[in-house]
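Listed after this line are the structures, all set down as structure tokens.
Both complexes below contain chain A, partnered by chain B and then by chain C.
Coming up: the complex of A and B.
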């Protein structure tokens, strides 16, 4: 009984960690610009595929270059890191194309919603062109991560090593980011811009650079999540990130828009709640996040709107 | 290049564009249209395949009055759902409302996928056909669009439409003027749902099969793009946006797999190039002005 519970909690925490990564990505951009980057789900997909390619995976028969792949695969840790950085760079590109032109014109925030979604559509379909619509499983070598067995037995509970790694890596990323935001000069500058861009600029902070930094980090977090999920489950197709992007959105609201601890707590809560859904009702699991979101929005809208960030549409 | 089937799809796109436009005309960014579209379509698919009293024939035919009844029922059910949900979600503002309506779309999608009587992932198929060919659907789709367009045009001259415009410009000021903002927003939301529900009922017959993929987050975005790219200040904008953007992926078919990338680029660059959308009140005024000058 205890073992089963431990198993559920660890599984839930592992997927919760990934939700927290995605939600933190939204949070970074939202706190700086007050807009939501809807390309986040696509960047999640990009991270998954980049990790796959960097680890030596080959492009399938429906892709643009069937059978093509790197001559030698990188180790998991390095591939994941590079894939996150790559997604971060694409996040920067999304900022250039979808957000910067609107910002320069002081356009309605609603428009950024559309342009970022457009960027997401472009990314996902480019992935589909390049990699095909088929699913990919990671090379079997990833099962023997760091020489650990594929399944660990902890206190009687059988846990897949990769799940545990997923939890540890996302926890480490979340912790590092929170500490950086809280303590470092760069993090303070970012928070200053989030508070008031004009004042921050007057104080000598390069606001535009901070916006770009937020987009880079946000893309990197999504890419990290995509890589982790890809390795632990598989890549079911270019659209797989969209679902995670949507759940990240639910987590974002659950925790309160723009709140870093909220995103982390919300992610864990969502992961645990999903893990508790009995397998007989697993089809309904995908609706749970949104049902919770709905309930929270309705029961405590004032609590969520605590920070005055509401804009007129 | 544009056959009757595509024309019907374009008209359905225009109808969904209007459904997104209505709440937006009252300043409410609702992405719930695909949820109501899915509800209407599922109801029509269920009724016509399960309820023999509607008169589906063994050869897959379907009487026209039954179709009209389904359009009404689809709109009614969607409207009732909107009345229920709207009371709750319309307290939310801006991006919170948008996210809550995305949540509604996802809940409806998962429900249709998992309910015991909606056919799971395959969905409901062999939905009976009231018309022998796609061309037959042109008339009901056009009639529905004409009705919706007429309503939107009338709104500009009605207290309801003016109250909606007032809320869009400044909700606080509108409520200070004595406008019952909750009721106006709810009315716009319900109208939007009725339109989407009826459109779904028609689409279910037209498409012949119906499943959970008909109302997804993707559709939320595309339908919103209809309004934003077409122009959200007059009802003609979403109509034009819906017609063009539904046709675009089909017209791009010759370029092959790149077409969805190009479609994405249009959505990405459209608001940058034309922040007001294609059809703006200014443009209509100029067109109208030129029309008058042309007369001797």
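Coming up: the complex of A and C.
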């Protein structure tokens, strides 16, 4: 009984950690601009492919440059960090192309949803053009990276080592970001812009720079998630990030729009809810997870840890 | 000058309006008729075959393989019938969902293709094929294996043998290797028409062989992480795992099953009949059993030619089944067009009539294809009697592999009948 429960907790935490990572990316942008960046799922895919290429992976026969690859691969940890930075830069590009022009024209926030969705579709299609639709395995050195057995048995429950590693890295990234937001000058400036951009500007904070920083960090988190999932389940095709992006979006709403602790709690709750679905009804996992989302929103429209917004008169 | 009373004026006005409306409707009907390419005379130039296959979406992995098969078929056609009726191929992205397949079919039909190849998924075929059927356009499905595809209508046919014929072969092979097998875990994608149809056949075969599934795990097409269903299934200690899912999910499932400690036999369905699974499940693919409708080992002139052309374009590797089936779809249409041309069935007829003649010609022919000799039933079902059981053998570095032939099976007429659902 305890073994089965522990298995559910481990299964839920493993997937919940990644959901939290994706949701945190949405949260950063939402808290600063009040809009959702629908290109987040595509940036997740970009991170996976960048990690693969930086580790010395070659482009497949259906890509634009078949057989092309870096002459030497980087170690996994360095490749993952650089891929996250690369995804962050592409996230910045998405901000410049899909969000900034609309912001300058004071356009409806709804339009930014559409432009970011368009940017996401373009990114995924570019990935398919460059890399082809085939799946990619990470170079064998990644498997040796852990130097650990493929599976760990904890209290009778089984978990793939890579998934535990994924959970730990996700937790470390979330913790580092939370500490940075709380304790550093840059983090406090970002929170100030999120609170009130005009007042922050009057206090000498460069709001535009903070918006760009939020997009960079958001893209980097998505890229990190993509790289980690890529190692865990390979890269099954350019569209693989879209599903995670949608799940992250649900977690964002479940946790409370713009709430960092909410994104983490929402991610873990969503992961656990999915893991709790009995095997006979495993096909209804998503339906149950979204039913929980629906129920939480009925009881707490602002999400688990979201703040209720007060309309100023 | 004649003067009319107000009532007469209204009556005359109403008559004029009615006449105008009738003329308008007539003009629209005539214009509509003349805009319908099926009503126009068949042009004397090259005939166009339309192919709606998945270049984007989750099924793009199959679409890529099909595109290679069609390109090879075009080269084969140019070389094999130099004086014949020229045929050009028009490709359209049918993507991986039903609306895109419908849109692609509609577009190609409006452009006046003589026949269609596609769509990639059975799920899409159930939505798009009725459109071709209503408009009398022949369809040859290269990869739809679900039950009920040819039954959509007279104009719908396929070269991909249905799962009920193929699926039992791999289960029989697993039992031959371990006659003591009893405990079977089944995984399938519940949101995919092909997988749900195939898994029903697998379950029927398991029951017929005295094997009871100890668990049936339902997954979804977009799933990549199978930690939860696998750990649930492994708690029941299965001796055989049967998978009916699409390639990407299947590759991941196999890898995660092995990583989580499953060491027994794995039998997979037709969705994993592509070398594209190798990079995903890597060394963990080794040893999986699959029944196939195509084998590169088949030593016939057309299969050797097909492989030669494929390898000229794509290097020294064996073509996948789905590529061979796409080649076959083009080949049967091309050969039927040439026969029809020789018989005069394409002379002085409208496009609509030419399409109908082509369908009749297609169903009446026999074909020597890379899949082996095939023909069609009057309903459009492929009649193929030669099948194969293969085992995946991965290279030592686990990065590439091949479907190694385990045995060739020639079904007798009674076996074919017995396996029909």
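As a convention for this text, the second predicted complex is superposed on the first by the 291 of 313 C-alpha atoms of A that agree within 3 Å, B and C clash if a C-alpha of one lies under 4 Å from a C-alpha of the other, contacts with A are read in each partner's own complex, and residues count from 1 in each chain.
In this text, contacts are C-beta pairs under 8 Å (C-beta built on N, C-alpha and C of every residue); 3 or more make two chains touch, one makes a residue touch a chain.
Keep in mind it's a predicted model, so treat the numbers as computed, not measured.
The superposed arrangement places chain B and chain C in clashing positions on chain A. When the shared chain is aligned, chain C comes close enough to touch A:233, but chain B does not.
Contacts of A:268 after superposition: neither chain B nor chain C is touched. By the touch criterion defined above, A:286 lies against chain B and chain C together after alignment on the C-alpha atoms of chain A. Contact with neither chain B nor chain C is seen for A:54 once the two complexes are overlaid on the shared chain. Of the two partner chains placed around the shared chain by superposition, chain B is the only one that A:101 touches, whereas chain C remains out of contact.
By the document's definition of touching, both partners, chain B and chain C, reach A:128. Within the superposed arrangement, the part of chain C that overlaps chain B, taken from 5-13, 23-31 or 185-193, is 185-193. Common to the chain B-facing and chain C-facing surfaces of chain A are residues 125, 128, 283-284, 286.
Listed in rising order, the residues of chain A touching chain B in the complex are 36, 38, 97-98, 101-102, 105, 107-108, 110-111, 113-115, 117-126, 128-129, 242, 246, 249-250, 252-253, 257, 283-284, 286-287, 290-291, 293-294, 297-298, 301, 304-305, 310-313. Those residues of chain A lying in contact with chain C across their complex are 4, 7-8, 11, 14-15, 60-62, 125, 128, 132-137, 140, 150-151, 157-160, 162-163, 229, 232-234, 236-237, 239-240, 243, 274-275, 277-286. Listed in rising order, the residues of chain C touching chain A in the complex are 55-58, 60-61, 63-64, 190-191, 215-220, 222, 224-225, 227-229, 231-235, 247-249, 251-252, 255-256, 258-261, 276-277, 279-280, 282, 314-315, 397-399.
For chain B in complex with chain A, the residues that touch the partner chain are 24, 27-29, 88-89, 91-96, 98-100, 102-104, 106-107, 110-111, 113-114, 170-171, 217-218, 221, 224-225, 228-229, 257-258, 260-261, 263-272, 275.
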